[in-house]
Amino acid sequence: MEIYRVILCSYVFSWIYILSGLPLTLSYRTTKVFNFAHPVFITYGAYVAIIANEVLGKRINLVTAVLLAFVVGGLVSLITHLLVFRPLSYQRVSSNTYMVASMGLWFIYQYILYIACQILTRKYGANFLSYPTIEYEDVKLVQDALRIGNIPQYIITASLIGVTISIALYILFNKTVLGIALRGTADNVTLAAVSGIPTDRLINLTWFLVGGITALSGVIWVNFSGSTTPDVGLNIVVDNFAAAFIGGLYSLPITAVASIVLALIENTLLAVLNYYFGVQPTIRLAIVFGIVFAILVARPPAGAAGGLPYRFIKRVSKK
Amino acid sequence: MNKGASITSGKKLLAFVVIALVIGLAIGYGVGYYTTTLSISQAPAGAERVYTLGVTFALSGAVSSVCVQWTPVVTMAIDDLNNLTKSMGLNIVFKPYILDDASTPDGALKNVQTLYATGVRIVIGPALSSQVKAVKAFSDANKLIIIAPCSNSPAIAIPDYIFRTQPSALRESKALATYAVHEGIRSVVSFHINDEFCNVFAQYFKKYFEESGGSVLYDMAYQAGQADYGSDVASLASWVAKLRPNAVFYCGYDTDGANVLNHAADEPVLRGVRWLTVEGFYGASEILTQKIVDFARATNIIGIRPVPIANPLYDEFVEKLKKYGATPTLCSENVYDAVMIAGLAVLRTGGSSDPEVLRRALIEVAKTYYGPGGWGLFDENGDRLQASFRLWTMAFINGTYQYIDIGYIADSNIVVEKVLG
Amino acid sequence: MIDVIGFLINWLIYFAIYSMLAITLNLESGIGGITNFGKVAFFGLGAYIGALMNTYMLLAISGVDVSKAPPYTAEGVIALTRISISNPALVLGIFILSILVSFTVTGIFGYLLTYPIIRVGAGFVGFTLLSIGEVLRAIYINTEFVGGTYGMLGIPQPFMWINNTLLSNICYLLLSISILALIYIISHRILYSPLGRTLRSIRDDDIVALCLGKDVPKIKSKIFFLTSGLSGVAGTLYASYVSSVNPQMFVMLVTFNVWAMIIIGGSESPVGAVVGALILTLVERLLSLTASFYEYLPFTSDYLRPVIIGLIMTIVLVKYPRGLFPMKPPKITKSIVKDLEGKIS
Amino acid sequence: MNGEIQPILNTRNVSKYFGGVRALEKVSIIIPEGGIIGLIGPNGSGKTTLFNIITGFHVPSEGEVFYKLNSKFIRIDGLNPHEVFRLGIVRTFQIPRLFPSLTVIENLLVTPIGQKGESILNAIRWRSWLEEEKSLIKKALSLLAKFNKLDIAFKYPAELSVADIKLVETLRGLMNPARLYLLDEPLAGLDLLTARTLLKFIKEIRDTYKLTFIIIEHRIDLLMEIVEYVYVLHNGRVLASGKPEEIIQNPDIIKAYVGE
């Protein structure tokens, strides 16, 4: 069994899921918004890299892509917050209202991208709705310098971005005043506001980070996958939601672990099932969702909400 | 919370919504009236008569990357039709009415209903067989002519108002199976996307291949609409390493195809077998990368596609399409033929909107139509009768990566003209 | 030759089916507090049950060898078309039976799902049910009996034997509208009854409701049985209308469309659900009807349709966060109080 | 404790562990019928856990809870919360939890158990429950009238004052034949005047409806004004119990509160 490639895929997917899943949990924790527009951050990140690549004559550096994607993703996220989520939060709406508003946003962003792709396709000739892998020039240079050309480039890209962002996030949240204020805002806005933390600005910052970091997973994606489509965010975000829910919509570490586990299940477990048990990989979604379902039912997550104190089977104490 | 205010504003809203709806309905009525008069009724003498051809393509969603490349083809075909009418001195102008169905059956049905309501009597599209099935009942009931350019499902091979310019998958699979046996391939592992188009190919390829003495050692499908197929390719590699087939039969589209081939190119095991495929990812620009073309040469990947050889019309079509900023992809010649046959049928009836008249005209026109996709003749089920195919592969020629045709299959005669190293 | 009538009929059938989903979703989510992100699971299950009964059963009773002509092949479809025109009594009978069966089976399916719903807690119900929807879809895709990726086709529209398309469509529309009316009345009556009050209290705070003696799981399971069953009926109606089912029809987007309807229309009130369904289904159609107006744009004008729908959704919600027609407190309580006025010391 | 008074509820050696953490250990208390009993102790001493066990939120790890019903004692630990409520045990929460989208009168009307209109089939036939609804509304209105609060009947909880919310929350239980009230910090956040009014009201309804109250409260000074007996919990154990005046002078308790 060709376990090597399966492990590579699981590895890259772990980073992609972590980079897009953690911000999802963070945004829910901060603002209680089920953001269904989250996939557009991934997609926009990927498309920023693609468009930059095309504009720069198919020679793009990872650094350029990362910076552009981070800024664009962050801005889209911030604008979304300022124009839609913040006005809604002033009116104390239910989470379902946020959800539907974010769905509306998803439609807008997604189809603006389709329009942009069509116009760009006319201008540059490439099919933007299905774009080939992008190779990053500077990563190639580093690879040549270090004589590690035989390692797939996406491994290096994913590791670089993933490790950097993880460390940065860890330091931000655990070692800096700003991060502690951010966490405080995330956990209890009222309390944070009373304590003199400028919550409004911090929530803006959170949204910027959410969009920016999520967009980076798109930057890894275009380097990894053979093709990028406007649906890429949608395909990835399902697993983000699964991971976020397993993490109780609260815990960043559990979300990260759940992301890795999901990446392993989707890649390794399915390959094993297929090879040793003849199970067709077409059941992938059923397996992922079945497992999430089983986890949620077997170990209801504590955190954002708990189950009802109700026992279907009567239990009494030991004598 | 201010209850009272929200209740009174509710009343205002009610008024607002009702007014909006009335206006909306009025617009809808007006538009319906406007477009129908334009497309159907007799305009004053001397003025142009506009005939609208409905188009519903999956311009967003799962298969959008293929379908967006069909819109230039439609534009081109409509231009050709209008040049024709002009040169004939007719004052009919054709106009496309392009709608996006988001790759969903539901979207296709809604679009077809809208198009029909605006007076359209011939619809080009939808792309997927599942969408064609969803519009079938509506087409049957209202006698709306549907010309599907890329549906190959034998389940819709029924005499009705649905025509298909994509030849049946049966003959194509049979031709590919014959080719495989001819090449000395005795065993294959089948690997395809789990969707109707490719499942049909896989099913019939297996049938005909096994009838000719070959064997399909393992049939593996991967789920459409995933982010990535790396692990599925790894599983395929495991099977190939274990079962040691002569070849891999592959069916996929451009997006998933690029993904699969990219991963496959990294697998030494998969470089060591022949690859056979159909027209699924033909023409996709994202597949023409150095990595994949190298892989294609290493495995001598051969695809089949339903275009007859020695068809100068096809070469002309490719050349002309370049001016519209597009290259031929999956089914694009069928799209062109669909629009042309529809337009010619309309001209033959003199702009009629009677479905029966149109249907008969369509069948008659197709009998004498020869386009880039070959002879237009439909069989009794309204499916294109076409039994000659091209064999294609990818190569690096004259400094560019490109798709090239290397031979053809006609009536089970196999001719391979070019042999690439 | 203006086909406004045909346009209206087709839109109204869609509207009716989506209204059923919206009203039931409103009943279970807006009022019952079950955040159902898996609406499409019940819709799809109903559609598949309807499809299975209206094809396999019809073929078997008519003496066609089902194994040779299953409803996902051309032979099956041709046989079904023949039967559905020639044997109206049988077609109608099986159709009515399929609606009943689909109500029962989908209802029981929903009833059984109450266990995980209670167990995971309110915040996680949505995703749990969404998973169920996707698992079901994966099952359809991988089961040959129900057509796999081919889906099933040739499901007879029960009035197809009427030799007039318009008339048979009108019949179907009337049937759908009357079922819709029935569902509306049921929903309206439940909402303004003591049960509705209890449901709203459970939605507000299920723990307190439990502390006040409400058997929350039992009440939720009852209401979920009803709403799931009714969504199943909507599914059956949809399958017979489109006359084909396919796993691609029952994707998450359907659920979210219905959610958009009830939130825009005004969560909690059945009027809101209907208005939401009306606005979204109509706007979409009107936009596609006017797509040819914008041909001069440098891109496919139909891409604007989802953008405009998205804008409508966001703007309406930012302006009216409680939706266009939020629920009003029951009038009946007020009128009784008025009657009693003066009698209370 | 006075021998003549019949207990309505007693716990016998109730213990509760969460994972390895001990929340309650062998707590035995006796609640006399018709009494107002105080339950005090520092934060984390297990008061709310005890309430949770009595009301069926938690199953005790050890021990039993008995409740007198029709002059017989039945075991109620392990019952679900709604079953406990149906036996006449009403609980309020630290933060008042009225149903925010229901008006005050609806908040009262929702409480009666076994309403006819709560079954789906009856709910659809309005006539089947209309009579019952009328009598319930009458009852609710007369309850409100008794406390001169008829004017808030159609207000939403968000429009009420804190005292009114607490009042409504307590009245909610009276829509049923309630017998035992468990109040969790009813005085928290109230100014002195309102707090006294509420206490007066508790006494009043106790006398009118022959109820029993167990009250968790941190404002001991106020609490001592009305309770007849006090249990002090500390670190999950009963540290002391007795009449209020005895408790106030007990140095152990002062140490438990102030010391550590």
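Should a chain be cited, it is by its letter among A, B, C and D, assigned in written order, with residues numbered from 1 in that chain.
Please note the rule applied: a residue touches a chain if its C-beta (ideal position, glycine included) is under 8 Å from a C-beta of that chain, and two chains touch if they have at least 3 such contacts.
Please read these numbers as outputs of a predicted model, since none were measured by experiment.
With contact taken as defined at the outset, chain A and chain C are each touched by B, D.
Chain centre most remote from that of chain B: D (centre = mean of CA atoms). Chain B and chain C have centres, each the mean of its CA atoms, that are 32 Å apart. Inter-chain centre distance (chain C to chain D, centres taken as mean C-alpha positions): 43 Å. Chain geometry summary: the mean Cα position of chain A and that of chain D are 46 Å apart. Residue positions 141, 207, 210, 216, 300, 303, 305-306, 322 of chain C each touch two or more of the other chains. Chain D has residues 80-81 in contact with two or more other chains. Of all residues in chain B, those touching 2 or more other chains are 59-60, 194, 223, listed in ascending order. Chain contact summary for the complex, chain B toward chain C: residues 6-7, 9-10, 13-14, 17, 21, 24, 27-29, 31-33, 35-36, 40-41, 52, 59-60, 71, 95, 97-100, 102-106, 109-111, 113-114, 116-119, 128-130, 133-134, 136-138, 140-142, 153-158, 194-196, 199, 223, 353, 381. Residues 34, 36, 83-84, 87-88, 91, 93-94, 96-97, 99-101, 103-108, 110-112, 114-115, 118-119, 122, 241-242, 245, 249, 280, 282-286, 289-290, 292-293, 296-297, 300-301, 304-310, 312 of chain A are the ones that touch chain C when the two sit in their complex.
Against chain B, the residues of chain C that register as touching in their complex are 1-4, 6-7, 10-11, 14, 72-74, 77-78, 81, 141, 148-151, 153, 157, 160, 165, 168-169, 241-244, 246, 248-249, 251, 253-254, 275, 278-279, 282-286, 288-293, 300-303, 305-306, 320, 322, 324-326, 328.
Within the complex formed with chain A, the chain C residues making contact are 29, 35, 115-116, 118-124, 126-128, 130-132, 134-135, 137-139, 141-142, 206-207, 210, 216-217, 256, 259-260, 263-264, 267, 298-300, 303-307, 309-314, 317-318, 321-322. The touching residues of chain C, counted against chain D in their complex, run 185-186, 189-190, 193-198, 200-201, 203-205, 207-216, 219, 222-223, 226, 268, 329-330, 332-334, 336-337, 339-340, 343-345.
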